[in-house]
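Each of the next two complexes has chain A plus one other chain: chain B in the first, chain C in the second.
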Partner chain A sequence: MAQSTIGIATRSRTPTRLGIVTAISFLVMVILPFVVGEFQVSLLSKLLLFGALAISLDLVWGFTGILSFAHGVFFTLGGYAMAYYLKLNLSAENNTYGGSLPDFMVWNGLTELPWFIAPLKYFPIAAIAMVLIPAAFAFLIGWFIFRSKVSGVYITIITLAISSALTTFFISQQAYTGGTNGITDVSKLSIFGINIPPNGLYWIILLFTTFVLVGSWWLTQSNFGLILRSIKENENRISYLGYDVASFKIFIWTLSAGIAGIAGGLFVPLNRFISPVYLAVAFGTQVVIWVAIGGRGTLIGPLVAAILLGQIQNSAERVTQDWQLVVGVLLLIVVLFIPDGLVGTVQKLFMKKQQPASTKQPVIDHN
Partner chain B sequence: MYAHLFSFFYLAQEAVAEETTQAFSLVALSNQLVNGIGIVGILLLTGLGLAITFGVMRIINLAHGEFIMLGAYVTFWMQSTFGMDLLLTIPFSFLITGAIGALVELTIIRRLYGRPLETLLATWGLSIVLQGVIKLIFTAQLKYVKSPPYISGNLTLLKDAQGSPAIAISYYRLFIIFVAIALLVLTGYLLNKTDLGRQVRAVTQNRDMARCLGVNTSLIDMLTFAYGCGLAGVAGTVISSLKSVSPPMGQDYLVDAWMTVVTGGVDKLIGVLAGAFLIGESSSGIAYLLNDPTARVIVLAAVIILIRYKPEGLFTIQKRG
Partner chain C sequence: MESILSVKNLQVVFSGFKALKGVDLEVGDREIVTIIGPNGAGKSTLLDAIVSKSPVAAGNVYFQGKDITNKNPYDIARMGIGRKFQNPNVYNELTVFENILLALKGTHGILNSITTKLTKTKKDKIIDVLDRIGLLGDAATIVSSLSHGQKQWVEIGMVIAQDPSVVLLDEPTAGMTPEETHATGEIIKTLARNHTVVAIEHDMDFVKQIAERIIVLHQGAKLAEGSVDEIQSNPKVIEVYLGREKINDAA
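Let's look at the complex of A and B:
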């Protein structure tokens, strides 16, 4: 049982501390809406979702070594599922043409709801579609590319092509997707007739992100996570040991797309629209940048980076219009000089401090 | 409120749709295919630089589109300040983008050899930075470059009954393919027939051995990367007058250039030509039968399938692992 001993060996004091820190931050986040204004609540909700999206990318990139620019695509697919639900549940007087058909479909000459969109009118179906469509799409891609000799860099190029192709496709199918504008002016979120206020949405999102973080942490600490990490370190060796590498990759890839899909679905009632902007490579890049800056394989890092960068961007955009330039420079610096990312570097510093202190002189105590 | 605006688009779209849904005609298809040559030219031009940086050096350069953009801006800048002709700016755009490429190799790429994913990330960061810097200098406004007045008009290959051209291609498109093929031949010559090219190939085949034999490998690395970037700059100059020049313009060409290179395979330069021809002609053919976006989606899907089964490209010789 070599595996379980390794599993135990990595369980140091750090996770307990991390758990405490996470719990405290969670509580702080829970009461935050009572302290900060409406705008900040909505911004934080958005950033938490971006954080969850970044964590989902970290699962495949930081742990399994698959760099994907297509996570924006999974996010947006979930988003569209939810957007159809919200759009179809607009009350007739709020709809531009009074009827039940969404405005963009009327403009594009559709007279009735397409059969593949109609079921999304019901919340349970929309909620399932929000996870299932991105996950199924990811499964197909994963099944197709991971069972081949295609190596890391080519997979990344494939994800670029997927993102580019889908953007073109969604823009071209105006009658069904709303074209470049996407699906706009959606209704507020109500589940089974209960309206969800902004704070409620915030708490749902906070719960979801916490769940994703804790779940991902649990998954990566398990033996399963160990295999994932070994795939990243040495794919050949782990396959010689008898593990079916492709299945592991497909599983984590699909799971990660499902998480991204839910994040996208929750994003729509907040953002009030979804459009091909989120499908495009630029948004996919944004996700990659959060993970790179936060620290690959740290899980908490991408979340922190998404929230921090989002907050900085929010204040910086009042001063400068060249925020993207700053992000680009940051990315370059991180890749060249801080490959572990912000959180990864901090963790390493702590470990370095801890180890000599515990092995050599336990006398020094900073309490 | 916006409904009127959109209904206008809707009508306009319908008009276009009527125009394109004519009966299938061989003449129109051949016209489309002849004009596909123009796309082939652009793909070849934009892919050629990548064939050097990726094909020869194995560098995943996602900032390739930005070097194209830089070339276009060099031309815009020289044209607007010195009133220079587009053709005359080609050498300058080659030298300036090449020099920037050399600088990038020295400061960024060099630190990341042998780590393809990190290189990919770094060049992506670089692409954002270059766009940002150009936006700071030239603003985000669209710029326009004048094409040379003596390369204008269309070459008519076939006239219809009324005497108006049925199959025609603009001279500028012919000019693009001419430049592209000239550069391809020149690159092939440099790589295969000159001393420098021999050193480049020696470094890519066996770096340590090349160094032992007295080749200055780091200089060769820098020169090769700079040459690839210079080619991208020339592509930018030639393309600049087709559409407007703007900071994000390179992104449009990046994915296509990659697809071209990956399709053709990078072992032989001729693979780029084959890739450009396949992608260019099939997209214009499918675009005629269906429509532009569908053609793009189909071609991209085909390339993805191709990468899955033949990641080394269509036109490569089987080598022993």
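Let's look at the complex of A and C:
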């Protein structure tokens, strides 16, 4: 029998083409700093990180069906870890108060560095914390949510609550977090004494986002991805096939939070500050919008949407301060007319072209 | 005879309503047992309680001598009890091949699922299953575009791929044409050569085709038990199916 008729082989043709497109885009992106100005490089770096954050949400929402508004939280936790590192490594003359204590701590009457922040002075510890703190936090939440079989909209409500609670908590702990202002005036990124120029940071970020995209694609093409998709469609059925659904959910949830944390960590040297704004529900919603517009379960869609919307926002801001109106209208159009999102719709058109409608038995759909 | 599956005084209560009022059931290795009974008799509930879909209020379920009452569904599945649900409970958004692949016997851990490859052995196993359920040509078809009967076969295929010691089938022929029903009967008979089968059925022709022993449930309790002939001539059974000449019309 023809092997091509068996199984998934026929489905993976589109990703091959997508892979070529991705590779070409990557190369174009690599040489971009030589073509565009400094501002564009900085903006693109930021948007690539938002793209990676959107991909991390796509893993849990698009593939596994868990809608989370807390991905801004994981992003920001990673961001704070890096922000402490950069703040603590400000050279003494750059520090307003000359000492080793960050300015906001001085203002709030702290006389010495809290023990839980002090180790972040060292890059390896900060780098580990940037992944581990959001991941551990996610693991803890995930353990309780998924083991107790909370599902669907209730998870989403819990993520909203987490986002709100952490925003309030970070604002209230002014002496340790810098309150509403967050951690500002951080040093430029230097790793083991080597200063990273803006273009260098851009390439690091480009590599990271590419790695997240390709890694996520590889992960979702495996049996693991198949299991995630079945959990999304019907999580009860698969437990009768011998799968421990909760452990799969906890795993992808934690992994996703780790990715979001790294994105947040890389965001701080670029943005030069981190604040509870990124913990808040509004930012979490932004991530959800990128995934919805780009196309759930497409990985590249959310990335493209984050970059495009960022550029639109940048242009629209020059014309009007009400750019969010533009995004709002776009979201409405997508939700109402193209629920698969931009890339999802394009992919479906491709698949239809490849597989001409076969003359099969009448379609009876029981859903 | 040594029982592979043993249900003792099983009770299931749904918010005060006793769906099962102490049912006993012994199933021998590689036996085919058919459960019949009017709607609401507790047939599906009995299978649900065995696989921990419905919580057991009292009584016990033993599998190969081990108490599995109210254990995690995935543990029960891993021990070797497979279940086919009443309405085809398959993955509509996945291909036929992927549905079978998901069910394939093996380890079900996270790391394993990431690193595992689709080996030739696995592929051959899946092709063999597809062949048995007559869907080899539809391997790459998305399940939502299949007919109701074909979906039933996909789920039977999933159970075959799972290769459990005990197969629990809930109305495997519901919605099938007589020809499809007969074909399904043959699949199940082949299955029974190396599996134990417990099936819920309405279609008496089908029951006659496959059954070795029949159990009649009525209002959450066992009403009768025996061969096809014994059941058909049992006055209590006839009374339950009141107003009908024969239980042939029991559907």
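In this section, the second predicted complex is superposed on the first by the 345 of 367 C-alpha atoms of A that agree within 3 Å, B and C clash if a C-alpha of one lies under 4 Å from a C-alpha of the other, contacts with A are read in each partner's own complex, and residues count from 1 in each chain.
As a convention for this text, contacts are C-beta pairs under 8 Å (C-beta built on N, C-alpha and C of every residue); 3 or more make two chains touch, one makes a residue touch a chain.
Model, not experiment: these values are computed from the prediction.
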Who does A:152 touch here: chain B (first), chain C (second), both, or neither? first
Counting only touches as set out at the top, which of chain B and chain C does A:20 meet: first, second, both, neither? neither
Return first, second, both or neither, reflecting whether A:349 touches chain B, chain C, both chains, or no partner chain. neither
Would you check which partner chain A:140 touches, where first means chain B only, second means chain C only, and both and neither mean what they say? neither
So, does A:28 touch the first partner chain B, the second partner chain C, both, or neither? neither
Looking at the overlay, does A:191 come into contact with chain B only (first), chain C only (second), both, or neither? neither
So in the superposed three-chain picture, is A:207 touching just chain B, just chain C, both, or none of them (first/second/both/neither)? neither
Doubly contacted chain A residues - partners chain C and chain B: none
Quick one: which bits of chain A touch chain C in the complex? Just the residue numbers, please. 1, 5-11, 219, 222-224, 226-227, 229-230, 233-234, 236-245, 247-248, 251, 358, 360-367
Which residues, counting only chain C, touch chain A once they are in their complex? 51, 53, 72-74, 77-78, 82-83, 85, 87-95, 97-98, 101-103, 108, 110, 113-116, 118, 123, 126-127, 136-137, 139-141, 144-148, 150, 158, 162
Along chain B, where are the residues that touch chain A in the complex? 3, 6-7, 9-10, 13, 60, 108, 111-112, 116-118, 120-122, 124-129, 131-133, 135-136, 251, 255, 258-259, 262, 291-294, 296-297, 300-301, 303-304, 307-309, 311
Which of the residues in chain A end up touching chain B in this complex? 65, 67, 96-97, 103-104, 107-109, 144-145, 148-154, 156-158, 160-162, 164-165, 168-169, 171-172, 174, 281-282, 285, 288, 292, 322, 324-325, 327-332, 335-336, 339
